[in-house]
Amino acid sequence: MPVTPDQQAEIDALRSQPRPTLRAVSEGAERHLYTAHPVLDHGFVRLVDYMGDDAAICQAARVSYGRGTKSVQNDEGLIRYLMRHWHSTPFEMCEIKLHVKLPVFVARQWIRHRTANVNEYSARYSILDREFYIPDPSQLAAQSTINNQGRGQALTPDESARVLEILKGDAAQTYDHYAEMISEEGPDGAAKQGLARELARMNLPANIYTQWYWKVDLHNLFHFLRLRADAHAQYEIRVYADAICEIVKDWVPAAYGAFADYRLGGAVLSAKGLECLKRMLAGEAVTQETSGMSKGEWREFEGVLG
Amino acid sequence: MPVTPDQQAEIDALRSQPRPTLRAVSEGAERHLYTAHPVLDHGFVRLVDYMGDDAAICQAARVSYGRGTKSVQNDEGLIRYLMRHWHSTPFEMCEIKLHVKLPVFVARQWIRHRTANVNEYSARYSILDREFYIPDPSQLAAQSTINNQGRGQALTPDESARVLEILKGDAAQTYDHYAEMISEEGPDGAAKQGLARELARMNLPANIYTQWYWKVDLHNLFHFLRLRADAHAQYEIRVYADAICEIVKDWVPAAYGAFADYRLGGAVLSAKGLECLKRMLAGEAVTQETSGMSKGEWREFEGVLG
Amino acid sequence: MPVTPDQQAEIDALRSQPRPTLRAVSEGAERHLYTAHPVLDHGFVRLVDYMGDDAAICQAARVSYGRGTKSVQNDEGLIRYLMRHWHSTPFEMCEIKLHVKLPVFVARQWIRHRTANVNEYSARYSILDREFYIPDPSQLAAQSTINNQGRGQALTPDESARVLEILKGDAAQTYDHYAEMISEEGPDGAAKQGLARELARMNLPANIYTQWYWKVDLHNLFHFLRLRADAHAQYEIRVYADAICEIVKDWVPAAYGAFADYRLGGAVLSAKGLECLKRMLAGEAVTQETSGMSKGEWREFEGVLG
Amino acid sequence: MPVTPDQQAEIDALRSQPRPTLRAVSEGAERHLYTAHPVLDHGFVRLVDYMGDDAAICQAARVSYGRGTKSVQNDEGLIRYLMRHWHSTPFEMCEIKLHVKLPVFVARQWIRHRTANVNEYSARYSILDREFYIPDPSQLAAQSTINNQGRGQALTPDESARVLEILKGDAAQTYDHYAEMISEEGPDGAAKQGLARELARMNLPANIYTQWYWKVDLHNLFHFLRLRADAHAQYEIRVYADAICEIVKDWVPAAYGAFADYRLGGAVLSAKGLECLKRMLAGEAVTQETSGMSKGEWREFEGVLG
């Protein structure tokens, strides 16, 4: 259960108190505020704050005093132009703050995106909760034989069962030991010192959940989403990226639309790929052998052309 | 006059339309929104948007679901603790967006603070306005004889008058020539091509005004303010920093208070300085000769101790 | 003349003293070290230092103890794979330091690339040289009628002549006035105070030359080069990007080759563009009207397909 | 044992092949190159590459063509001036690349310093080694009663023994299970699929060792060292910071000296602290009650004054 009744009460309290503001307001974003969107078995993504909307992107691009144009069409056209021509700074003028609960091994991938602000729950200061990511059996798969860093065929039911038995057993045992080490009460009820939290945490495996506040501008968020909402990203981070896409779509619909068209749904062709394409459009039957590409390049080129 | 009637009408329109939001609202910041605070002869600083408030700093530090504590005292104590112990990430959870009009030579210093988002008025796309910074006579001073990169004694009235004559004359002439070069109408009224704006702008001096949207998080803003609201900063950028300080003070009063106490009003002592201080507190009369410091270090050390 | 005899002597001295090192050495980069490659009328690009080579990219990608593979082919294959799949961190493991002399208006575009280290010649501390960028007549053009921020048709000889007359005249006059303002000697030879340099510089136009040390990692350099060695970039910055490309090509030939194929020579297609392409490859005659694209998008799409 | 014979052979090979270069060479850094300095029980820090030396800092600050001054004293004076007045950009002109082996929970603290380049060993692609950090008994301590995020009194021998038993046992068991899950051979010797590495790694605890290449400029490295070579930093990251200090001291002795004096050995006083100090120097006996400081502030103030 991702959110306790107390936490839900705090969320409800925040959602019940609209206040007047003169700032840009996105109705779509307001609907998401504070609500925890579940991800994986115990994780979530919550929108905590946002700055700006589609119009704010245009206002910044125009360095204008007011809202600039009143026309939504004009704004959308400008946003698409900016996205197409890699004008990134207007998109940086929007900012989003998320509260995310996620397994540690996902957090370790996520943090590699450096152009963001992060405040993580401190396991030096606080005690971590007993919550571990245990994959759904449908997600258990063997090492891929094509992609050296991905997963391939689904595991047999027997292997899956054994994996889940291990993950659950080790999570329970390491957490029990963590709790025992930091406890100031011995098994016999007598007082003991209890190991410092900054040390005890080292016994916890990478599927334990952590939490953080993560704040990022829209340009860098799009960069994150392009890499992590992609089929090559590990499933466990992709579902977070997908959940964030749903929020962004409602927050800045025009910018998200341009992103979906020009980045997520688009493709990059190499100079060799472009050359082949021109030959194909001129009627030539190009093969890997005559393409000048390596096998890997050709396979990916075919993938782009469907 | 920093803002035209049309621009003022746009500002007034934005200020007249409060809308409900569920986000954190800072009453102090709302009062500033969109208003142009004049700086120098034609410049200004305008608050265009903000994210977060004092409570949001604490909420992020605690990675909490709601507002966390209801006690303003607790929040202030936490904020002071975070500032004192260089916990910078909670301050990064607040963000501010400013519209600034400033001379180009000030913009060139300002932009060296890289951890910010900037959208500048494009002189490739648009025509720059005929507005130049002409210093107040009280600001005209000779090169400092102590600080190799500052100003010292005030200029004589005669020298001042000559400087102002030059600055005004060259501004007028270079702008006239700029306008002539880009004009698509010749002096005789006949059509001409007009030089591309991206080229014509090169004739304009560094005291012409430009404008930008500048967005930065509170931690990096404090870093900017510590360096630029400082007595060693050039006057023409310091007045912008001072104007921003007034806005920040109203937006996040507790965080600004901690910043003023621990950074702006504080001082850094070297290991040698600390050593001398201990000797002085023990009753010894320390001089530059017995301090182990260079003359420059000693002068600055004496400056700190008043 | 970009480099004085004294400066050339300093460069020659540095080039005459090879010293032993255990670090990775790039023969191609060594050939460029310290030499000033002329750009525009008075500018240059000089390689001052570099870290890493093609093998260092692979060594970092493999987190290896030694050089990793001895095979240059393997390294090149890995580098192409990394570039194709947007693995940017191994390219960040190479670093380059350049000394650049460039007009101020070019410096203002350049500095918008924030992920770099910069040390600029200080006009608060030092006196700027009397060197201005005066375009070659062949570069003088009218505002583009298609691209709102570029240049189009060449100016007529008459208009060109007038532009050059203005640029030269105003450069000379504003510099004379700059020199007069800071001078500590009056026109009559009597002592005067002289205006502080930090103020006097405001009279100088944007085509005056400045200098800086610029240090950047290879990933961010490629990003800079993709945007600035592009046909849409302003000519005056593109020639610097082109000069840097020549250095990088010799420094890390495999990485540069992958960059040239996958980024510089490649193209990005939108989701709509991909859809059209598939229809065209299937034999359909697609037009702008049936493409679902705007006129601007269609024009750019046709541009990609040649 | 931190380095295998094969790895040592690779290191020796690299150390045996000096090559000529025209770049700045630091003799002190050359002595460290490639050698693994042991840290904790299985970790290390190795200098893999460096850019620049003390003279390069001055050369950049002066934006000079050659080495600038020949005088080491002048250079040291300039470096101390730059450090004292927070001129950070010249220090950014030096860069260092380290290969580090470290426990995952240390890596998670370390990575929060975002202004650096990182290439970590990929547990999606490769199999992690069976190496865990097991603290020396002398390092096992209880949660601090003063500092909520540190450690206090040493554990009793009994509690220590139990902690070590847990850490060793869980490390062994979770690694055995990790190996079993990814194995393509069942316990009976029959072929099985083997769980994908990107999933199996989630069973491994935070004291397992990882490795990365870490590249950072000198300014940002000093910032890291100030926070992590500090008494408040967790012991397990502080020993890495200490090891890096030893390398930096030899690489750029003047810059390190200025850093040690002005940052590491110095102290920051608040406005209130400065005020108290002036009263104390004037002979007044100031107490916490009359200081205007909180108890925590006063305790830290007394700490600074010894």
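Structure notes:
Residue numbering begins at 1 within each chain, and the chains themselves are lettered A, B, C and D in the order written.
By our rule, a contact is a pair of C-beta atoms (placed from the backbone, for glycine too) under 8 Å apart; a residue touches a chain by one contact, two chains touch by 3 or more.
Chains and their UniProt names: A, B, C, D = Flavin-dependent thymidylate synthase.
Predicted model, so just to flag it, every value in this text is computed and none were measured.
Following the contact convention of this document, A, D is the list of chains adjacent to both chain B and chain C. Chain centres here are Cα averages; for chain B and chain D they lie 34 Å apart. Centre to centre, using the average C-alpha position, chain A and chain D are separated by 29 Å. Rounded to a whole number, the gap between the C-alpha centres of chain C and chain D is 35 angstrom. Along chain C, residues 89, 112, 118 each make contact with two or more other chains.
Chain contacts here are complete: no pair of chains fails to touch.
Those residues of chain D lying in contact with chain A across their complex are 103-105, 108, 111-112, 114-115, 118, 122, 124-125, 133, 135, 139-144, 148-153, 155-156, 159, 162-163, 166-167, 170, 173-174, 177, 180-182, 192-199, 201-207, 234.
Contact residues on chain C toward chain A in their complex (touch as defined above): 77, 80-81, 84-86, 89, 112, 227, 232, 260-262, 264-274, 277-278, 280-281, 294, 296-297, 300, 304-306.
Chain A makes touch with chain B in their complex at residues 3, 7, 10-11, 13-15, 17-25, 30, 33-34, 48-52, 56, 59-61, 63-67, 89-90, 92-93, 95, 97, 99, 117-121, 211-213, 215, 217.
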